[in-house]
Amino acid sequence: MPTLKAALCATAIGLGTAIAGPALAEFPERPVKLIVPFGAGGGSDGLARAIQAGIEKHDLLPVPFVVVNAPGAAGTVGTRQVLGAEPDGYTLLQIHQEMFAAAALGRVDYAPDDFEPVIQASRGCMFVAVPEGSEYRTLDDLMAAAKAAPGGLKQADDIGSATHFPSAQLMSQAGTEWRIVPTGGTSKRFAALKGGFADLAFMSTPWLTRGKGELRPLAALGEERFPEMPDLPTAQEQGYDVTACLARRYWAPKGTPPEAVEAVADAIEAAMGTEEVQAYLEASGEDAAVLRGDALRAAIEADYGSYLDVLDVVKATSGQ
Amino acid sequence: MLDAYAHVFTGGLPWILLGTATGIFVGSIPGLSGAMVISLALPMTYFMSGSDALLLLVSMYVGATTGGLVSATLMRMPGTEAAIMTTLDGYPMAARGEPGRALGIGVLASFIGGMLAWVILALLSPPLSVVAVRFGPYEIFAMTVVALSLIAAISRGSLLAGLMAAGLGALVSLPGIDPISGTLRLTFGFSGLDTGFALLPVLLGTLVVAQVFVDCRTPSAPPPPRGEAARVAMHIRDVTRYAWSYVRASVIGAWIGILPGVGGTTASIAAYSVEKAMAKGPERFGRGAEEGVIASEAANNAGTVGALVPLITLGIPGSVITAVLLGAMVIHNLNPGPLLFAENPGIAHTVIGGALAANLAMLLIMWLATPLLARLMYVRKAWLLPGIVIFCVIGAFSVSNRWLDVGVMLAFAALGYLMHRARIPTGPFIIAYILTPMAEQNLRSGLVVYDGSFLPLLTRPVPALFLLIALGSIIWALAGELRSRRAQRAAIQPPPGTAPGHENR
Amino acid sequence: MTDAPDTAPPAAPGRAAKLGFTALFAVLGLAALVAGSEIPPAVYEPVGSRAFPLALGALALGLAAAQAALLLPGLLRGRPAERDEPAAELWPAEARAAAAFALTVLWIGLVALTPLPFAPGTALYMLAMLAFLLRRCDARFLALAVPVSAGFAWGLTLLFTRVFYLSL
């Protein structure tokens, strides 16, 4: 029974490596597993699959690069699996600021510091949208209305999610608060705007075209204007120091050897240039935004800091 | 739209054929249900594209409803629940020496029912979704209430059991992250429960693994005696002569299927009653009346296809199987609901086209494979049971790559077994488990939108209408329950010690 | 199994199981009530996070009470209830199901918590289940069941670990 023998052999080898521990020479000698803590088919999964395809097609790693979906509890199920994994570079996590939201709100007992940042791959900035028939034509109109009637405006969003925090930043910049209508992802927000159940929402860039004729964009929420809509001013230009960009980042368990982190980061950075990943960026409206090492650490610190700064506003608008 | 249809009939065709054939096969084996095979296939579809996954599952759904016909006709055992009414007239027809003709009529009825309902699906879904896009949280909430109240209506006669099952399903859906405030609740400090009881472990446990343990009770029962292998005999004459029966049953079946909360079984019972009431010789029913087979089979397939309407236009499941399909769409990030047509027209039309293709495939496969199926029904189930458990374990594990979900599945298998022994139906349990979070989220969202007021539930026309329907169906169910209890008491009282005659198996 | 022990009147499994289910339902409803009452009341919308647990918990207790009220008189009077399906000859049906369940739990426990790899554990489980269900352990059975179990277990394991990269 050759299969049986092979399988026994394989198991024996697998057990052997597990016992021998992480510190073996020549980092990638078995498949590298990337845990995506969200379901198949979403944006996170899309980038992960594109990176995987890029790495596999262009032989950027000598071993297979494997994507595993472990969805649940707003990304914390998969994140915990990486938190508890052997710090050997063979288990990685890809997550955006949802991790910061869960940590800031104290929903989990870990913090970004408990992970080793590997690389930031892409960024997708949102924009402020109101329904096409809305009376608000500029961000200033909208903020003036918010100030005139605190708590009167309704924003379609997810309470306690990675977009609730930048919304809270906008509230504190405008010096007022409004209500969050819990709806869900961008398509549900679109439905809420269209049905007249909300006044504003943060939407992702594909909705610039998909929502044409139904949505009126008021402000881009990046540092720069969108190339696909150069007339749309940023919120910063209009005097509100707010950005809302989902940054997709890769993490390893704390204590992963730097060589392993470097090797994986190299492969992912190289994959960013492949046509597979470029096609993903094209379709999702995200931009390549590679950050590594100290620049990455600084960006994470600033990002998480900005979340902690508005924690009170977020809690006040979550009914806690 | 044409792209979607082109894909269905080219790249999607293998999945259609595979799904339909598997569905028919499983549907024809008593004890293996359609919900079971679809739950089992769900984890496999993680590795497929969303549209192919839906094609596979939808065709399994269509196939499983039809497959029940074979064992119902030849062995007087409904292979699936939806074929219960087929046993009444299909088996007597076979017994009097017309098994081929009974099967032929049944296959044709399934096909015609499915096709007529498909026309309704294709015509009605796009405009309905345009209306539904404007639905706000209270409209959706009111519809989930209708679906939940229909649980009561379909549990007539054992209302308390149905309500307890639904109550348990609702309770089980609560732990985890609160859909509105994003905070944790009912996790009892255990982080493994942060995501609650995930869909797949619950489905696999209560529907599949529980059934395996039920089958373990008597696995060595000898297979039923071999009957004569039948072939399918389809005659034009049987179509023209009973043309109106086909149409009536199909239309009734399709409309009942469209109601959120009920599916093929209710459809076939209703159509059978109507057909019997309208027939010239109602006394023939139950003794091998052709119209009986036609009514049951046309209506259950029409109801199956009709139940896809609320699924793709509103995101509200009409039956256990459509609840599983809804779960499949969520897993593949396809956002079932009013926006599906606007946002993902390809997927909506893939489902519709898939239902059409599955119906055609069903006709072909039933025609060719029924003699084979008749023989396969005698396989000893004991050989299948361990493999089914192993598949379920891998399936539950694959949800989030953790053993905890397998443990959850085993716990729900124990629960499902207990429910089987206690004669508590699992249908209301699954439907309530899926609908409760939907109801809660929309109710509380609506409260934010309407400044904490419940009033719009009564002043907005759509929610008010739906709540009225819900109230009506609850009253109807209660009245029926009281009447049957009174009748039961009257039947029991005179000779003391007579066994109560309800819930015979 | 939460099934009531054999003190129940003979041949009343449906009723005993129903009582077991009702008890379980009541316990879960109580748990939802207790845990729900610890959730802070809502300030943001009138219903809040605690309303559904509390309402459903109360509903569960009410339904369970109603069911118990219907069941208990019959149980106390010991009226013979519906008959069970014909009992299997060697083992009572309930014990067979419980044994199959225990075997499954043992298999999962070993594979999940000990270093026993998935494939051999699964092959052994399948073989044991087949022998138990078919009540055979003769040479002819083994000649068929051993290769079937081993092939099934290793085949699935290879498929899911090598192609789909589950960490079984």
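Order of writing sets the labels: A, B and C. Residues in every chain begin at 1.
What we mean here is this: contacts are C-beta pairs under 8 Å (C-beta built on N, C-alpha and C of every residue); 3 or more make two chains touch, one makes a residue touch a chain.
Everything numeric here is computed off the predicted structure, so don't read it as measured data.
Participant: Name whichever of A-B and A-C has more C-beta pairs touching across its two chains.
Facilitator: Comparing A-C with A-B, the pair joined by more C-beta contacts is A-B.
Participant: For which chain is the distance between its Cα centroid and the global protein Cα centroid smallest?
Facilitator: Central chain: B.
Participant: Taking the mean of the C-alpha atoms as each chain's centre, how many Å separate chain B from chain C?
Facilitator: Centres of chain B and chain C (C-alpha means) sit 23 Å apart.
Participant: Could you put a whole-Å number on the gap between the CA centroids of chain A and chain C?
Facilitator: Between these chains, centre-to-centre, one finds 39 Å.
Participant: Measure off the straight-line distance from the CA centroid of chain A to the CA centroid of chain B, and report it in whole Å.
Facilitator: 37
Participant: Using the touch rule from the top of the page, what residues of chain A touch 2 or more other chains?
Facilitator: 68, 179, 318-320
Participant: List, in ascending order, every residue of chain B touching at least 2 other chains.
Facilitator: 46, 180-181, 183, 401, 444, 448
Participant: Would you mind listing the residues of chain C that make contact with two or more other chains?
Facilitator: Correct list: 44-45, 48, 166-167.
Participant: Which stretch or stretches of chain A touch chain B in the complex?
Facilitator: By the definition above, chain A touches chain B via 35, 39-42, 45, 68-74, 76-78, 80-81, 105, 107-109, 154, 158-161, 164, 179-183, 185, 187-188, 190-192, 194-198, 210, 318-320.
Participant: For chain C, which residues are in contact with chain A within the complex?
Facilitator: Per the touch definition, chain C meets chain A at residues 40, 42-45, 48, 115, 117, 119, 150, 154-155, 157-158, 165-167.
Participant: How about chain C: which of its residues touch chain B in the complex?
Facilitator: Chain C residues touching chain B: 1-3, 13-14, 17-18, 20-22, 24-25, 28-29, 31-32, 35-36, 39, 44-50, 52-53, 56-57, 59-60, 63-64, 66-67, 70, 79-82, 85, 88, 93-94, 96-97, 100-101, 104-105, 108, 111-113, 122, 125-126, 129-130, 133-135, 149, 152-153, 156, 160, 164, 166-168.
Participant: Of all residues in chain B, which touch chain A in the complex?
Facilitator: 46, 50, 133-137, 176-177, 179-184, 191, 194-196, 198, 330-335, 337-339, 343, 399-402, 441, 444-445, 448-449
Participant: Help me check something: in the complex, which residues belonging to chain A touch chain C?
Facilitator: 1, 3-4, 7, 11, 15, 31, 33, 64, 66-68, 179, 317-320
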